[in-house]
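Structures given as structure tokens follow.
Common to both upcoming complexes is chain A, partnered first by chain B, then by chain C.
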Partner chain A sequence: MSLTKAQMVTLFTNLVRAEHFGKMMYRRMMQGKLIGFYHPADGAIAPGVAACSFLNQDDPLWPHHRGHGITHMLSKGIDIKYYLAEHTGKSTGCCNGHSGFHYGFPEHHVHLHSGFIGANFMPTVGYAWAAKQRGKGQVVMNCSGDGSYGEGRAHEGMLMAAVWKLPEVFMCENNGYSIFSTFEEMHPTEDIATMAQGLDIPAVVVDGQDVFAVAEVAIAAIDRARKGQGPSFIEAKCLRFKEHDIGNRDLRGYKPREDEEYQEMQKRDPVVLATERVLADKVLSQDEIDGIHEAAANEVADAEQFADDSEIARPTIEEMEAMVFAP
Partner chain B sequence: MRELTYINAIREAIQQEMRADETVFMVGQDIRGGVYPHTKDLVDEFGEDRIVDTPLAETGMFGTAYGAALEGFRPIVDFMFGSCAFVNFNETSIMAGQQYFMHGAKHPLPLVMTAAVGMGKRIGNDHAMFIHSTFCRQPGIKVAMASTPYDAKGMFAQAIRDNNPVMIPWHTGVMQKREHVPEEPYYIPLGVADVKREGSDVTVLANSEQLYNALELAEELAGEISVEVIDPRSFVPFDLDTVLKSLAKTNRIVIVDEDWESCGMASTISARIVEHGFDLLDAPIRRVCLPNIPIPGGYMEDYTRPTKEKIEAAIRDVCA
Partner chain C sequence: MQACRSIALKTVGIIVNPASGRDIRRLIANGMTVSNQEKRNIVVRILKAMDALGVERVEIMPETTHIGERLIRDYQQELANLQIGMLDMDYIIGTQQDSLRAAGIMAERDFAAIIVMGGDGTSRIVSKACADVPLIPVSTGTNNVFPSMVEGTLVGMAAAAIVAGAVTLEEGCQRAPRLELLDQDNNVVDVALVDLVVVDASGTAARAVWEAERIREVYLAVARPTSIGLSSIGGQLHPLESGCGRGLQLVLGEGDTVVTAPIAPGMLSQFSVQSWGEFGPGQELTIGFTPCVVALDGEREVVLGPEDVYRVRICQRGPLVVDIESTLQLAAHRHFLVSHAGTG
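For the complex of A and B:
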């Protein structure tokens, strides 16, 4: 299948927005203007944009841990300023300042985050079970990295999705690293996709630097799930330009990554590749591309302004105790 | 007067709540066939989409309930045995328990967890162990255990209607207890203790099979020592007021808990009594708990658990 011009514009726009938000998060973390920690997604934003740009509002989503899901959420239509406010401890945050780096947008069917890698497989199997029971054509998008597939939960989640033919898409963003350890060291086969194939889940491997390539397979997988034909697995091979989390050294195994690796990676920057493509295909002009960058920069600036202008959440202990249980 | 066994009282609560609300469903391992009778034949009425058997994968099984609860369902998870709820402790306690608060206290997570617990059947550490104290330490989870068939029905029905994760295990030692249980639905609020027998010399706090030990003792000691027996019924929230009210009368208390002694519910209750009712005490608090040793699988089990003899010794000690 081929993408329409409108779809390509959407993908390119969200990719640029993700790029601007990612750079802002990195900068703010370095400036001490974010609470907790941040795991940059730089270099690996294409799979999330592709996976989430064509979801419906009522499609449950587990955004990837890397990049703290910003790429995924903004592509799904969630206003990131409320997450940025949360990440700065403000009462206007999406979790009312309770969480720091967790997100919760139940109105968009993004219910939670967890610091545990591999935690994604458990709620999502329940989302998908619920979606199947409701029968309204909802699709669950479950995004996580190669490291998460080391968890037993990955097997259980895929097993149940396969057994029950659940409407779920497993988007595996394989950037070749789990923290510092390389994929080759920690996984016995060339592709994680074989795990899904072993459970009879249709699986594809795709170039994760190419947002349009990932989108083509993601749209097909979403469509398949929406028609009640069961789960799919996508392995997007992507690149991690930055360290695992800000403040740590960037290692390959237990030694610093080589300069050549960084230089080689930069040639496959997803925004550079997408820009070349939209220009070559005459989907967008350079002026239009510049306009998209400017709008993204403004959106980020507005989000920062909103977060910075908001009040720090300051409930009393009694008020906090009263919020442990739902009425 | 119609009578039901405890286990069938649970079954009736589940059945009536499932009839009343189509978002209620149950997930477990071989609950269609019914390893224990509380789910027996429910699949015939509600079908396999509402009495759901999963692969033997506790984490995925719980995940099914957890995710579905966030998407608007009201699941009941049956762990079969309590300790199976520790296989996925991250999901049960950290993710489910803390979900509501951590994500802004705006989206409820209605979810019931149940399982068989209890010593007396010589089934060893992994099948007999108690879990209520461990779950009581996890913020955001309500924890309750019914001791009688009447309470079992009302408390299970209430747990299913609660908008929070509720851990409500049941003790194999009481599953065949039988008494009058009304046919129409009724609801017992979680967080309300019940004075099962009034007395004036000493308060004994006991639950599940130990409640029956305490009641038998109270009967045997009547005339010599007047024993007030309270079933806490719910551990989180815990009804401290009823305990303090009793202490104002008896000034002595023995707390019986079949869970381990260390950092157990009996320790927490003792600490709260000291903090809030120290002046009411005429004698030190005594606890009768499971010593901190693994629950043996053989006859050694009998030597470890609280018994009538141990409770009587504690009563005589505080009344001396």
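For the complex of A and C:
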């Protein structure tokens, strides 16, 4: 189905929220208010918003590691303050402050979030197989970057999903970089979508800076999966505005990325494009847009307050051992 | 026999839409996928044909997947005469604006021809900026009415015949009609080469149109029963002869006439037609259904509010288009590819 006006408002709101949370995370990392690492998603938030804004509550989600899945989770309806508390090492976090930023939200069907490239494929295929067996119409949303499609697990996972016609959507957020390596260095073809075509998985390439374009494709792919028509592959071509992770230089190969590249990218900021679109399409007024930004800023401030006011997690050894599979 | 002629004349431009043939219709219909590797292969065959026939200079529009750069890297050394270059553009942004700007630059620099690879939408964008540089539209899209599904080798041969002057523009080209969308102040807001369709939708989003129940009005410059896409609705009801200079309007809704038409690959839908009729170059028809989204050559482009009063007209101000079939017929008749011993 083409998007309704209400769906466009939902997408725009989630996109703005994702942008505000992303800027806050960058600032807090620089302020030393987060533990571990943060891998900013600035510039590439549209695919996650589009993929997750219309999932059902019981649809398993594997968020992309970039941006630590905040974009994906908030779009699925998860309150980000519990993630922020987790990443701040607080006891109120989604894993009681024990996980750092490799978390799970099992009550929201986010079962693991890992930094291992390509770790998503085998578990998501397992969840998709289980979803098919259960027959309750669940769809697995598997979001990951172009770098992960260089892993053998990606090929194996897509093969199994295709052969067993599993209800899984492969959302490839292709920002053109695998950490420092360019896409051209890592892949012989122009698109990763051709890998899926080789496995007879219907594949679409879409402008990943355009949240509305990605959303229509994502909804169609989710619908196919829910109807039992098997997996789909979406390659959302997007941009990475920032460094791979905070603390490292932003390199292209071994050289800093050119200023010109940054300047050109800014013209395709997903929030700027979406704002132009909702105004041109007469979906929202400027006053309404301002209100959405204000609400997002307040939501972020509340989340920070919650995280800052919470107690630092001080688990005992017994408590820590109780939360891992193989102590 | 290896050709040895050299055509040190104008440059041929190539615009490849890296996004064509891979949109949402792979999911909601069974649209053919045209990978960018295959587009690259098609360009290789075009280049080899032009090289063999002595064309000396081609410039390719840069785009985000680097089809042109890969071609230069992998194939330049195989070409005897032809130099492949990338069109000098200050920047690319990964949207249809790149094709628009590339066509404008090619027109400014007076290229001999522009080979456009994509669907109807790609040709539409290029036609807005190419002025009188002839287009050779090659289908790598989903619904292809305007561009031809033709082997790349033949495209290169036709381009070479035009560049060499073996076939003149007057002989090998036809001026295409176009539909113009006019606002309240009589400004041409946008154009379509095949179909302008009024859709009951909220926004442009993924751009493609596939929901039959949302289509309200259809304006056609081309209506062939052998086409798929939105123009097929008219093509099945009242075919227009190519180049007749007239348009066709259909208002959908409660009516006695029901048309079954293939609006996407494998997707035949039924349309109840309230009224329909031809319209001529002097007529301007007012869009009756608002608010709406106007789709141009299959892509949702312009959003109209409830108060907007926009009109549609047909005119003969479309691009010059190379007719590959007649160009190659004439070239063969003139022995363009034939040489005789002792005559060089």
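By definition in this document, the second predicted complex is superposed on the first by the 317 of 327 C-alpha atoms of A that agree within 3 Å, B and C clash if a C-alpha of one lies under 4 Å from a C-alpha of the other, contacts with A are read in each partner's own complex, and residues count from 1 in each chain.
Note that a contact is a pair of C-beta atoms (placed from the backbone, for glycine too) under 8 Å apart; a residue touches a chain by one contact, two chains touch by 3 or more.
What you see is a predicted model; the values in this text were computed from it and never measured.
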In the superposed model built on chain A, check whether chain B and chain C fit or clash. fit
Taking the superposition on A as described, I'd like to know which of chain B and chain C A:L15 touches: first, second, both or neither. neither
Who does A:I80 touch here: chain B (first), chain C (second), both, or neither? neither
Which superposed partner A:G157 touches (first chain B, second chain C, both, neither): first
Just checking: does A:Q209 make contact with chain B only, chain C only, both, or neither of them? Give me first, second, both or neither. second
Now for A:G104: first (chain B), second (chain C), both, or neither, which partner does it touch? first
In the superposed arrangement, does A:N96 touch chain B (first), chain C (second), both or neither? first
Touch check for A:I292: first (chain B), second (chain C), both, or neither? neither
Using only C-alpha atoms, work out how near chain B sits to chain C after the chain A superposition, in angstrom. 25
Return the residues of chain A at which the contacts from chain B and from chain C coincide. none
Chain A to chain C touching residues, read off their complex: 1-5, 7-8, 184, 189-191, 193-194, 197, 202-207, 209, 212-217, 220-221, 224, 232, 237, 260, 264, 267-268, 277-278, 280-283
Chain A touches which residues of chain C in the complex? 18-19, 22-24, 26-28, 33, 35-37, 40, 64-67, 70, 91-95, 201-207, 211, 214, 291, 293, 300, 303, 305
Interfacial residue positions of chain B with respect to chain A in the complex: 49, 54-55, 57, 59-60, 62-73, 88, 90-91, 94-95, 99-110, 139-140, 142, 163-164
Could you list, by residue number, the parts of chain A that touch chain B in their complex? 60, 93-96, 98-99, 102-104, 106, 109, 111-112, 114, 116, 119, 121-131, 133-134, 152-153, 156-157, 159-160, 163, 320, 323-327
